[in-house]
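Chain IDs A, B and C follow the sequence of writing; residue 1 opens each chain.
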Amino acid sequence: MTVMKKKLNKTTKSNLITYAMVVIVYIIVQLLVSGGAVSSLMKGLLVPLCVYSILAVSLNLTVGILGELSLGHAGFMCIGAFTSATFSKLTNGVIQPAGFRFLLAILVGAVFAGIFGLLIGIPVLRLKGDYLAIVTLAFGEIIKNIVNVIYLGRDSHGIHFSIKDAASLGMDAEGEMIIKGPQGITGTPTDSTFTIGIVLILVTLFIVLNLVHSRSGRAIMAIRDNRIAAESVGINITKYKLMAFSISAALAGVAGVLYAHNLSTLTALPKNFGYNMSIMILVFVVLGGIGNIRGSIIAAVLLTMLPELLRGLNDFRMLIYSVVLIATMIITNNEKIMNTIRRFLPKKQAQPVKEETK
Amino acid sequence: MQFISYLINGISLGSVYAIIALGYTMVYGIAKMLNFAHGDIIMVGSYVVYIAVSSLGLNPILSVVISAILCLVLGVVIEKVAYKPLRHASKLAVLITAIGVSYFLQNMALLIFGANTKSFTSVVPAVSLKLGSLTITAETIVTIVACVIIMICLTLFINKTKAGHAMQAVSEDQDAAQLMGINVNATISLTFAIGSALAAVAGVLLCSAYPSLTPYTGAMPGIKAFVAAVFGGIGSIPGALIGGILLGVIEILSKAYISSQLSDAIVFGVLIVVLVVKPTGILGKVIQEKV
Amino acid sequence: MAMLEVKNLGISFGGLRAVDGLDMTIEKGELYGLIGPNGAGKTTAFNMLTGVYKPTDGVIKLDGEDITGKSTIEINKAGIARTFQNIRLFSELSVLDNVKVGLHNHYKYSTIAGILRMPAYRKAEKKMDEKAMELLKVFNLQDEWDYKASNLPYGKQRKLEIARALATEPKLLLLDEPAAGMNPNETGELMDTIQFVCKNFDMTVLLIEHDMKLVSGICQKLTVLNFGQVLAQGKTSDVLNDPKVIKAYLGE
């Protein structure tokens, strides 16, 4: 049927635009870098931009597609980061080539984060709105706290574990410390590159976009739009909530792996794995458009670069950032202003708005 | 005896959390929003007192009063400028705006006062009460007494005054309250005013007991007080009291008997257990969804 | 064997006896009405039939199968689908997707197959598209298949809700005040739609309604509830002329 083809093309076209956008940006950046046009400051931002993009897209799966407010996303990133860094350190030199080891590290981070997503989701997803939000925030803080008291070491006898201090590990003198409590992990092989980051973004997009435009995705969105109606047509609410939540967590874990293998020292601080980070990602998701996957990436990139571009204004930049945030929220929620803006948009937006999940 | 000492400290810290939680819970119940910036009002209140006492040499009590008034005004202004335009927007939009306000306050303070930790001079005289082998500081007593007085006053206000009844009405059904002739805008402004003034008081009490002050001092207590409000049942005033006290006690006891680093994790862990067992908090109302 | 057999169904909420001693038998293919004043317990009865509430007393049998106290999802799988008093559509999804959600349990493929776009996904989606469009055609909604569900006018939203319920291939269709908020034209159209569904889908329908034109127009049998108890039961014309019913409810 031509009607079916029209629908298929519209969705596919929209997705292709998103993939193309990422690839084109990659090409442009690589050209700029090889031409020496990129400052070292900007070069240092490339992998973090990929990290934040993946975090934003994965959080949008929970907030925009499943419709649940999660304030603990950084916790899953933390799990991915630490499990993969531990794995990489333990297998460094043992598993060759390095690229294969990194691939395994990515899987380790994703799987552990996903499992935690499942475990946390089971009690948490039963809660209503605001309560769910605060519990996810609580879990994020708990994860960060616990990681800070873990001591892991390896010597000739094997692996030692403690939550008290390094001495209680009882290791040989030649033993190697892997996780040093609040000092975290040092010496993680720096496998992350911009190219790998872009590839991971594309993989994340592939998973999320295809999930959304599938039977499971429809079920998840049905739960978001009307849980009671979804139940009445036989949708297993718990199964699909857990599915969305754990896939979202696993992808956050992947972002964590990318993040961990970009630094020589990995520590769990409030600013990188605490609620501050979770909230920053949430801001990306909301400003990019709830449910708008492409928007999440755009927002993540722009909002991360904005403070850097404002560097000239130095002390004032975070202040300006916060004002921009407040102003954007007020403007985009003001009927009068939005209607005026809509008049300048292409005509098709004015008609009964067709389904958009970009 | 050590235990009693910890317990009292816990109740004192909990009293501070309770006062902060009150602001959260009132605003949530009446304006139906999570004012993420509430914790930062605490910080502002503390800085005002700090400046008043150390730079201007004003009397501590007067400073607290000035701080409460300034924060009251600040709260009302924030509501009018940032939250009122979003009253009919999605809850997520309001939350993000509140986050923006929080960032704004923190960075304003950073600009004005710098990131250096300021040493806060307590507004309470440094005397102690000795009960047998137990030593209780004046700060502890003042904090707990302040909390009790505030709770009593607030409960009386809500139940016995016209403005208090208006608040109850608006929290039940904003549209119906408006149709009954209640000035919803004024009621919401009043809520923010009271909450913010209380935050200032809480900030002063907090910094008197834990005298280091930075632009980020308010954030974590704000989060914990929010947890306490949810713990006790968000929207419930007695719930804020119970939640706050319990949280303070659990935090101090965890620091003392288990681990200082894990105390936050334990506090949050208890919250999770409570909510899993009773999803609307200890005193929360269960709202049935109409099918 | 009757399609729906309800015996001595009852539920208490605290001290309030919302429904008490409800007996009802609906034969296969019947268009049955449940009427009564507001607060009589009609929606409560519906909620017990669809697993939203667990009855405190009584038995519910669907096509011989005991479904008393089962969950909403189990009851839907057993063969009951419903619409709601306040239309519950998946507001952000398209009209077509709303129906496709109804087809969820009839055209399955694994999530992995969906993500990897394997042949199982393509085949099932194609079939679902066709089946969903068929259903939309029945309700004359096929031209708005890609509209956002919340952008449809009220009357069409109601039809979409019914289409979605039918997608689950139920044996019994429960309609909770389907004509609520409709003008006489829309109600007339709805009456034709319900009768069409009953005939062409070989469907048994139980509906709650206040609109007497619709009730007397299409319902074959009625049960009248008052204060949670059965006031009268039987053929529509008999019930509507019953003096007890007229006194308590119709007041005409």
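Rule of thumb we're sticking to: a residue touches a chain if its C-beta (ideal position, glycine included) is under 8 Å from a C-beta of that chain, and two chains touch if they have at least 3 such contacts.
All figures in this text were calculated on a predicted structure; none of them were measured in a lab.
Centrality annotation: A (chain centre taken as mean Cα position, compared with the mean over all protein Cα atoms). Seen from the C-alpha centroid of chain C, the farthest chain centroid is that of B. The distance from the centre of chain B to the centre of chain C, with each centre set as the mean of the Cα atoms, comes to 49 Å. Computed centre separation for the pair chain A/chain B is 31 angstrom, with centres defined by C-alpha atoms. Here the CA centre of chain A is 42 Å from the CA centre of chain C.
Counting only residues that touch two or more partner chains, chain A has 228.
Multi-chain contact residues of chain C (touching two or more other chains): 52, 84. Of all residues in chain B, those that touch two or more other chains are 291. Those residues of chain A lying in contact with chain C across their complex are 1, 3-4, 6-7, 10, 206-207, 210-211, 214-219, 221-222, 224-226, 228-236, 243, 291, 352-355, 357. Of all residues in chain A, those touching chain B in their complex are 63, 69, 123-124, 126-131, 133-135, 137-139, 141-142, 145-146, 148-149, 182, 228, 275, 279, 282-283, 286-287, 290, 315-316, 318-319, 321-323, 325-326, 329-330, 332-334. The touching residues of chain C, counted against chain A in their complex, run 50, 52, 72-73, 76-77, 81-82, 84, 88-94, 96-97, 100-102, 104-105, 107-109, 111, 114-117, 121, 124-126, 128-130, 133, 142, 144-148, 151-152, 164-165, 167-168. By the touch criterion stated above, chain B contacts chain A in their complex at residues 28, 34, 82, 85-86, 89-93, 95-97, 99-104, 107-108, 110-111, 223, 226-227, 230, 234, 259, 261-262, 264-265, 268-269, 271-272, 275-276, 279-281, 289, 291.
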